[in-house]
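Some structures are shown below for you to check.
First chain A sits with chain B, and in the next complex the same chain sits with chain C.
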Partner chain A sequence: MTVASVLVVGGGPAGLAAAARLAESGVAVDLVELRPALGGAFHRRPIDGVAPWPVGREGAKRWARLTDDLRRPRIRIRLRTAFLGLDGSGAALLDDLAAGRVEALRPDAIVVATGAVERVRPRPGWELPGVSTAGGLQMAMKETGRIPEGRILLAGNGPLLVALAGQMIAADRPPVALVEAGDPIRHPIAGLGLLAHPRPLLEASGHVLRIFAGRLPWRRATTVERIEAVGTALAVTLRDRAGRAETIEVDRVALHDGLLSNDHGLPEVDDGAPGRPIVARAGDCREVLGVAAAEIDGHRAAEEVVARLAGAPGADAAAARRLAHERHAQQVLARVFAPARLPVPVERLPRETVLCRCEGRTVGDLVDLVDGADAPGGREIKLSGRFAMGLCQGRFCAHWVAEAAAGLRPDAPAPLSGDLTGRRWPARPVSVAAVVASALPPER
Partner chain B sequence: MVSDVVAPPELRVAVVGAGIVGVSTAWFLRRAGADVRLVEARAPASAATGSADGAVSVASKRPGAMMNAALAGLRLYRELAEAGILDGLFTTRSTFLVAVGEAEAAVLDAQAERLASVGVEIERLSAARLRTIAPALSGDTAGAVEVRGEGHAIGYDITRRLIRTGGLKVDRDLVVRSLRRGSDGRVVGLDTDRGPIAADVVVVAAGGGSSALLGLDGVLRARRGQLLVTERGPGLSAGLPGAIMSARYLLAKANANGAEPVSSRGYGLVIDPLRTGQFLVGGTRENDADRAVADLEAIAHVLADAVALVPGLAGLRLLRTFAGLRTAVRDGLPLVGRIPGAGDLWVATGFEGDGICLGPLMGRAVADAILGRHGDLDLAPFDPARFVSGRIAA
Partner chain C sequence: MSAPTILWNGRPVPFRPGESIGTALGAAGVVAFGHDPAGRATRWFCGVGACQSCLVRVGDRLVEACLTPASDGLVVVSADREPEAAR
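Right after this comes the complex of A and B.
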């Protein structure tokens, strides 16, 4: 009897948990990770010579557990390897970045555990150099152990910004200010819900205490209206709940408006077609529930796959209960951080506001495109408007474009973000030379 | 350019299919004042039109009906661009037919003769001259023929522009179940998922979907093509003054000769430097394909050929792959004209790889024919009567 083979995409907590559980079940696992080290976002490993970022006692225990479980036979770990999607023949395509070669695998199943991608609301000036995502800044800090030079403003919405501010204060490099669209400390009743979740509550309290103790300007119920370049600096105009404007000058802006599942361009959960692998999703890439849930969900996805390989439906009631608990924590956080005012709909931003940063396509371009007797659908907006056509393949703009188009044409069916991104390989750009090399036997 | 014939008052026309052919037909009919319903099972340009390489080209054609049509198609694109209707969407540039090795050089020479014989402006380029004009090409090339005045148009852009400038409105996601017929067998409209549509005239331009509606069993077939787009390569674009077409494509076409390809998967090679600075590279010609999804084997094969001809491509990244199912006719010629014995029922499909080049032209020709005007283009070689005799399956 041949051993079933499963490809696990992503070396974060969900992928590692899935790989370990699959191997334990006797399945041969290929685990691919794009980066040079396992870890994912929360457990991002530093480059050589840099001390690991503190992840707390829970975090340290989790990482030890995840990596211990990996020491099983039948797990082949491949770093610096990107998953490009499924091709027309049903093969899973891997881009081996070190070898410079694309390879086709034919696993029986695939567990996609590619985590989350940051949601960043378009604003005038968000495409300027010096503007990044808060999560991107946090990853750079974890990898290099350093915080970039200059005055940094954190802005947007959600608990990640509070955590990042707390981490920067702890590292003695506080941001200039923290601008938050919600007003989390005004929601004590909603916040009570967090009592059911002592771990995140404790963690959040620590960051909030640091923010107050460090006297960090915390502009709650305030949004970034626009960013302008002034010489080498950035002038950021804020608008508070009373409508008052304030401009601060900084060197860098890190934006963040929450997280979305990172499943752009990846194969859909399988339709059971013959000759094509079973496809399951695990962790934030299935539902953004955070790092603790990712580990649970990795185990759940592994068990689902093992059951389905044996021809049984895979459902795990215990995992579902634990995930429901984590979902509750996320819902409470969402209520606590609910924006104080409704954000300006994307389609009503100034015409020159860039929507697609790769191709420089603006709100005005979209307004003109969807205007007229005939309202174009999602794929037409992509193709004729060149939205979501750039190197990021719509990762950052597709859902905003879809939302704006729906707002502009309430008379037509709302386009879906997935219509703009599509699910054709390659899920990310790949070297032509590496594709050509796929036809050659691998070098030994 | 635009027909001066005016449609009878309130002539109701239903066009099935919003690819470039259906949209062009609807555009010309609407211009003439007809009341046009444009019905599409998915979305405009969602099938072959949206996956085409966009060549408006005669370079690989043999003299005959298709060559004449392609020349007229090219002229119409120029006119529509000059009139502002396709302003900015139709790019003219040369096609360079490039030969590697003796066999290809011979086929290239024969093709140059043919093109010259029908008045196409060409220039034969020695290997040395080619290197000066197109320094991005590999040194292995034996020579080339520059075919002047060729063009490029992106199918979905043309379709979108025609929908807008024609004031057309597309009924999207509307599946046509069957044609409605009167007691005498004449077509009187469509039965759709969302109810009947009455029409005096029905035009079926639904690609592969036309078979079932018209009862054309065994006449149409799907030929898959796989293509890809790279990221921008400004340096490389500067070294490629036009589209590069491998003479091997001529060999493949000569072997297939319009009918069945010899093998189930044939490879041609066209490298088109796009206005965006990206490169469009294609492609395959495949029988027995049902899924419009590209596969690694084909894309790697096409890219290996492309890199052999333009080595600098190896330094770029592949951005997108796509595949489309071209609708081809058994005898290699499209189906354009009136279906005999069914009243005002018309068909325009089966252009295989020439839909972008011929779409506006055929749209105009069908509109003219419906309105009773004899256009410049002789549609006789494409007459569906060659497969349909008098009565069709209801």
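Right after this comes the complex of A and C.
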């Protein structure tokens, strides 16, 4: 009897947990990771000679657990390898980034564990150099152990910004200010729900205490209205809850408005027709529930795959209960961080606001396109308007374009984000040379 | 021994072993990475290989600065420069 083989895509907590549990069950595992090191976003590894970024006691224990479990036979780890998708024949295509070559695997199952991408609300100037996502800034900090030089403004919405501000203060390089659309400390009743989640509550309290102790300007119920380049600096216009505008000058802006599943171009969950692999998803790419849930969900997905490979249904009630607990924590946080005012609808932003950075398409371009006699559908907005058509494949704009188009044409069926991005592989750009250099095996 | 460097648009930029092209440029104060072939300004953005905003050219390939390790003597140019410039 041949050993079943499973491809795990993504070396973050969900992928690592899935790989370990699969190997424990006697399955041969190929684990592919895009970066030169395992870890994912939360557990991003530092470069040689740099201490890992503090991730709390729970976090340190989780990482030790995940890497211990990985020391099993039957797990082959391939770093710097991108999963491009499943082709029509059911082959999983991998892009070996170091060698510049595409190869195909024919696993019996795939666990997709590609994590999350950040949601960044469009604002005039968000496309300027010096503006990054807050997670992007945090990744650079975790990798290098250093905070980039210059005055840094954190802005947007959600608990990640509070954590990042707390980490920067702890590293003695506080941001200039933390601009938050919500007003989290005005929701003590909603916040009581966090008492059911002592671990994240304790962590959040630590960051909030650091923010107050460090006298960091925490501009709650305030939004970034626009960012303008002034020489090498950035002038950021804020608007507070009373409608007052204020402009501050900084060197870098880190934006964040929440997280989305990173599932573009990736195969859907599938029971596996003959000749095609079973597909499961795990962690934030299935549902954004955070790092603790990712480990639970990795184990759950592995058990589901093992059961399905044996022809059994794969529901795990215990994992479902633990995930429901993590979901509750996320729901409480969402209530606590609810924006204090309704954000300006994307379609009412200034016409010059870039919606799709890759193709340089603006709010004005979308208004002109959608304002005809017949409202265009999602595919048409993409093909004629070139929205979500660029290299990022709509990861950062498709949801906003869909929302804005729906707002502009309430008379027409609302386009879906998926209509704009498409649902086909490749999941990321691949060079023609790499495909040409590929050695694809015959179909099985 | 002097610190290893990449050659960024003809100028030596030091990096620490294991660092990506993107964080090495960031540490050297390079915020604007030039332009991509579509003419959009390139820069560090998502840090996770998803946004394609940090494309740079290494040889005849466009690569994400945030994903690609720096190596000593590596020739890196803005994405809109000719491949010859990176040789």
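The criterion applied here is as follows: the second predicted complex is superposed on the first by the 435 of 444 C-alpha atoms of A that agree within 3 Å, B and C clash if a C-alpha of one lies under 4 Å from a C-alpha of the other, contacts with A are read in each partner's own complex, and residues count from 1 in each chain.
Here is the rule we go by: contacts are C-beta pairs under 8 Å (C-beta built on N, C-alpha and C of every residue); 3 or more make two chains touch, one makes a residue touch a chain.
Since this is a predicted model, take the numbers as computed values, not measurements.
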Touched partner set for A:G100, first chain B, second chain C, both or neither: second
Which superposed partner A:R348 touches (first chain B, second chain C, both, neither): neither
First, second, both or neither for A:R186, with chain B first and chain C second: neither
First, second, both or neither for A:S89, with chain B first and chain C second: first
Partner chain(s) touched by A:R76 [first = chain B, second = chain C, both, neither]: neither
Partner chain in contact with A:L383 - chain B first, chain C second, else both or neither: first
Partner chain(s) touched by A:S431 [first = chain B, second = chain C, both, neither]: both
Greater residue coverage of chain A in the superposed arrangement, chain B or chain C: C
Which superposed partner A:C392 touches (first chain B, second chain C, both, neither): second
Chain B versus chain C as contact partner of A:K61, first or second or both or neither: neither
Common interface residues of chain A - those touching chain B in one complex and chain C in the other: 391, 429, 431, 433
Contact footprint of chain A on chain C as seen in their complex: 16-20, 22-23, 26-27, 29, 31-33, 36, 38-53, 55, 60-63, 66-69
Residue numbers on chain A that touch chain B, as the complex places them: 87-89, 91, 93, 102, 104, 372-374, 376-377, 379-380, 383-384, 391, 393, 413, 424-426, 429-433, 435-436, 438-439
Residues on chain B engaged by chain A in the complex (per definition of touch): 43-46, 50, 156-157, 160, 163-164, 167-170, 172-173, 230-231, 291, 293-297, 299-301, 303-304, 307, 313-323
Contact footprint of chain C on chain A as seen in their complex: 34-36, 41, 47-50, 80, 97, 100, 115, 117-118, 127-133, 135-140, 143-144, 146, 148-149, 232, 251-252, 262, 357-360, 390-392, 395-396, 428-429, 431, 433
